[in-house]
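Two complexes follow with chain A in common, the first pairing it with chain B and the second with chain C.
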Partner chain A sequence: MAAKTLLINGTMVSAREGETILEAARDAGVKIPTLCHLDGLSDVGACRLCLVEVGGRLRPACTTTVSEGMDVHTHTDALKAYRRQIIELLFAERGHVCAVCVASGHCELQDMAVTLGMDHVRYAYLAPTCSVDISHERFGLDHNRCILCSRCVRACDEVEGVHTWDIAGRGTSARVITDMNQPWGESETCTACGKCLLACPTGALFKRGATVAEMEHAPARIAMIVESRRVRG
Partner chain B sequence: MSQRIVIDPVTRIEGHAKISIYLDDMGEVSDARFHVTEFRGFERFCEGRPFWEMPAITARICGICPVSHLLASAKAGDGILAVDIPPAADKLRRMMNLAQIVQSHALSFFHLSGPDFILGFDSDPATRNVFGLIAANPELARSGIRLRQFGQEVIEHLGGRKIHPAWAVPGGVRSGLPDQARQAIREKLPEAFSITRAAIGHMKTFLDTYRDEAASFGTFESLFMGLVADDGTWEHYGGALRVVDATGAILEDHVEARRYAEIIGEAVEPWSYLKFPYYQPRGYPDGMYRVGPLARINVCRSFGTPQADDELIELRQRGGATIKSSFFYHYARLVEILGALERIARLLDDPDLASRRLRADAGVNRLESVGISEAPRGSLIHHYKVDEHGLITQVNLIIATGQNNLAMNRTVAQIARRFVRGNTIPEGMLNRVEAGIRAFDPCLSCSTHAAGQMALDVRLIGPDGQELDRVVR
Partner chain C sequence: MELHDLQLIARRERERRRRIRIHCCTSSGCLASQGLEIQKRLEAAVAEAGLEGEVEVVGVGCIGSCGQGPMVEIAPEGTLYEYVRPEDADAIVAAINGGECSVQRGDPLRPFFTRQFPIVRKNAGKIDPERIEEYIAAGGYRSLYRAINEMTPAEVIDEITRSGLRGRGGAGYPTGLKWSTVAKSRGERKYVVCNGDEGDPGAFMDRSVLESDPHLVLEGMCIAAYAIGADQGYIYVRGEYPFAIQRLQKAINQAKKFGLLGSQIFDSTFDFRVDIRVGAGAFVCGEETALLASIEGRRGQPRPRPPYPAESGLWGKPTLINNVETFANIASIIEHGPDWYASIGTETSRGTKVFALTGKIHNTGLIEVPMGITLREIVHQLGGGGHSGSEVKAVQTGGPSGGCIPASLFDTPVDYESLAQVGSIMGSGGMVVMDNSTNMVELAKFYMEFCKDESCGKCVPCRVGTVQIHRLLEKITAGQGSQADIDQLQELCQLLRNTSLCGLGQSAPNPVMSTLKYFTEEYEHLIER
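So, the complex of A and B:
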């Protein structure tokens, strides 16, 4: 496979052909913030947190492949401001109340807000009252905490292979759904494997019966499953 | 009487206790109202949430006594699961509640009311606070801080952090008490006992010094309600409700949590967000009852622990078999601390605590449940209804401060009657009103500023509804 040479933040970096900017940057020790990306799953570029500047234009690092001579900037002031804005918008869009959330202390959204220095939200909170589905015998879904990253959708489809999850609706009324938008407990395809719970970055998916700060996800296990399957061939 | 008063949003001051005193045609005080504008929308917030989250949600929303909400809510949750929780979990929850009683009562006595006792009710308000107390009696102030710390440390050993949002959960608790934590608590107990005994000694001298206050501060007939154990001894977490009248006659006994609505009615008034619970058979407002330390002492037969029982005998000698003076809340608090310490000591030696079985697992087996525990300030009732999956459809919370609402108004009216002459609010009255309210240790932010005097906004209102005087401080 041909190697490509590119500039990341002014440093010459070589990358494999077909690699994404995100991967090339990571190999070069440059950490780009992500939310919808999860190792082991395909990339969809949903959250826009990984935006980088390529020759002055904005590109999501997780879905843009490297090319020869690319000039990539990952942490300009403008990018940092955009990333903060994205997190603020996520907080403003639904009801993320960390103080009473099952995932508090183990939440990628919360961690990202801290990392990016979000100390307040400049947008008016939409404060919708979203439903909570605990009809499944083992798991629960709280739409208030969902950021529509679609990691559950991809984990279910690509790793478990059943595609119980999908996203219905548009814009602020978009929701993750199970099967034909029926209560999770009535889903015929769900195998109750729990991979969506492993993958979810927030408290949106949780073990039924979990209480505040009790829900720990394990997103890295998705990559482990994928890798061990690949090794076994 | 009964003019409608409007709380003008412009002149409303956040964090102030707002009090209206009404005069009748003769210029005599006819009524007093303590307006509570907190607790709004609390129950609504919970609707639609899984009931498993309720202990943490209620603990987080009500920041002044989180542990009490945690426990009452967890008990209500046990009921929805329809389980008997493991013995170790039951005992650990008890220990946490006892520790909460110790720390909360220590705060109330040493920090909030101590300055009144040591410096005098009429001393300069600018120094009549915990800092003035430190200057006047550093040993007492310091020992109060240490006693409070003891309680907080026990809570921390159990809950992981000072106040973990969700240590108690429906079905039990999330973690046990490690051996070394048990040992650490044991080592600190002797000091906690000696601080408490010294404070009780002080209390007895205060009773002599403030004979007048003891007789006039909220001294009136009322009913009293609290949990008692099956054998009628003092209870804080288990048992069932008992109601006694001012003569000590038992009106209700063995009322289990789920039957609370048979004896408690709730009235609402347009001028307060706090509901006015009353004893149903007597109607509103005649069914006024008091809860909290004084009520628990009045409803129980004995403490069931030797040191506290000795003190109870003397307390009753001084205050009567059924004590009517709210001033005795302070005294009752100290005796409760003593009893709580004795029970903590006993629990520490309980072999059940070592069990690793801490949480009963079950699904939604009942769609309605009530949990009651004794918060430091009085009985706390959590009543939930859930759908078949466990989402909350209805919540009713009855908090201690609400139940003491009528009695607090009565206390303020009584004090006003003694002090108000003509159309002005005399300076000395504010201090007395503050102390009168403090006796109940209400869980309102206005009354829990440890570092200063209670912020008050008192209005005197004439028979035609006109404001005659107003003092804000």
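So, the complex of A and C:
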């Protein structure tokens, strides 16, 4: 496999052919913010946080592969402003109240807000009334905290191989659903493996019984499962 | 099927025809106002008058001036009747042999008709779209014969490239370049896809083409398949077009029966099958990657490009996607040659474009005009100016993805670059005319509401940004807005334009940004109150 040389923020770095900008930047010690990306899962380019500037155009770092001589800028002022706007839009979209959230302190959305310096939300809170599904005997789903990153959908489909989760509806009415949109507890395909809980970046998917700040996800375990399967062939 | 078979079918069809044909428009617009009933009553009237030997009543596709429909035309002499009612049938038939008739007559020599340049619509309103024989009699499928028997795939692509044809779905990507990219992509199978998911409010060009001349689109697809090496095609039509789907299915069945689709077309080694896929009502499925996902049976939402469909499309195979109107141009280019096509239009935008002229305009309907015509000519000459003489204020091209162009810029020529320069897009061909009674902020709000409802929800800027922009516009139109809201509006518009995943989100701010630019005073008036 050929190596490629590219510029990231003015520094020459090398990358493997076929690698994404996100991977190349990480190897070079440049941290690009992401939410919908999760190591071990396919990339969808949905959250738009990882947008970087390549030759004057914005490209998602998670789905753009490196090419020779590419000139990538990951943290321009415009990009930083866009990222902050995106996080604000997410906070305004549903009911993200950290003070009462099971994932507070272990939440990627919360961490991202801190990282990007979001100290307040300038947009109107949409405050939709979202349901909570606790029909499953072990797990729960709170749509108020879902950011539609689809990591649960991909973990279930690509790692567990079941595809219990999917997304129904469109726009801000879109919701993650199980099977044909029946309560999670009545899903005929769910194996209760819990990989969706590992993958969830927020408090949307949680273990029943967890209370404020008790729900710790383990997204890195998805990559671990995928990698160990690969090694064992 | 051989060339002489085509010629034989055409000759028989001409011999079968009566001297006089009464053309009844049976396209959606006229059908909605009793078009079929009018056709039936005319048939009965002809029979009653004992004129069956010399007069026939033919259901044809869209005649064009939909606002004056239902339309009836007496061919070949050319008398046009407007606003026809079923009870007018006897009078119309009686007038054929010189009688007087009180039904309102249209003027076939008015600029609405004479300024047009029909290529895509050459058969529309002239042939019965449900009979392949009529299409063949009008010269149909000769270009396909020529392509397969007299040209190599590379020569076909070369002709399309030299014609200068650009994608009529709106973005204007050079068609020949797209074809040659797919032809060069490696894959054990390739696909041709026709995008008939026309969804812009006020746009009905593709519906009309499919309803009026479905074989023209099939022939274009077939030639494309030959050129790129595909053996399977799909036409993706929105579910809201049941009549177009029905006619298209009929056309596919007939073409198969005549050996013009299927195996060994024109006794060559070229096979091509076409199936229809019906959309389920999502605007975003007009975006090519979402459309492909929908054909594959998955949730219709876009994915980042590259890879482009030309490289990895349907089921990961190289796929050519063109719009209905693009395919409808192909047969004429092969028939008359690329130089002829390139001689029409402007330096960068060759050929013609079909527009659906709607809104506060005198002549509502479908027009096909050479590129380079000015907006003023379209609005004031073809369109006849504002509705009931009102003053036209602006036109919106490209639907929710396009911008508002004020009357002061009506000398802008209609071509891809000029429209982009004034902050709009060519789009698929919707042209909505506004007069002084239209509030431009309300208009921007309407389009944003559309985009918010049609956003698939995959990427954050489009999913949430459209809702926030819509809320700001609601606040402003309610007289509760401030300058800070307008600043935030602009900031959000920039975010959507620059960071959204697909064209829907990227272009959703266009109506807001163009009205903010050209009609600032309407926004200011609302925030001052």
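One rule holds for everything that comes next: the second predicted complex is superposed on the first by the 233 of 233 C-alpha atoms of A that agree within 3 Å, B and C clash if a C-alpha of one lies under 4 Å from a C-alpha of the other, contacts with A are read in each partner's own complex, and residues count from 1 in each chain.
Here, a residue touches a chain if its C-beta (ideal position, glycine included) is under 8 Å from a C-beta of that chain, and two chains touch if they have at least 3 such contacts.
Quantities reported herein were computed from a predicted structural model and do not represent experimental measurements.
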Touched partner set for A:Ala92, first chain B, second chain C, both or neither: second
Touched partner set for A:Gly45, first chain B, second chain C, both or neither: second
Touched chain A residues, chain B compared with chain C: C
First (chain B), second (chain C), both or neither touched by A:Leu148: second
Which of chain B and chain C A:Asp157 touches, first, second, both or neither: neither
First (chain B), second (chain C), both or neither touched by A:Ile167: second
Which superposed partner A:Leu126 touches (first chain B, second chain C, both, neither): second
First (chain B), second (chain C), both or neither touched by A:Glu53: neither
Touched partner set for A:Thr211, first chain B, second chain C, both or neither: first
Set of chain A residues, in rising order, touched by both chain B and chain C: none
Residues on chain C engaged by chain A in the complex (per definition of touch): 282, 284, 299, 303-304, 452-461, 463-468, 471, 488, 491-492, 495, 498-501
Residues of chain B defined as touching chain A within the complex: 48-50, 52-53, 55-57, 60, 164-166, 169-170, 174, 361, 363, 389-391
Contact set on chain A toward chain C in their complex: 44-48, 51, 58, 60, 63-64, 78, 82, 85-86, 89-90, 92-93, 122-124, 126, 147-148, 150, 166-167, 169-174
Of all residues in chain A, those that touch chain B in their complex: 99-100, 102, 104, 129, 131-132, 134-135, 137, 140, 185, 208-214
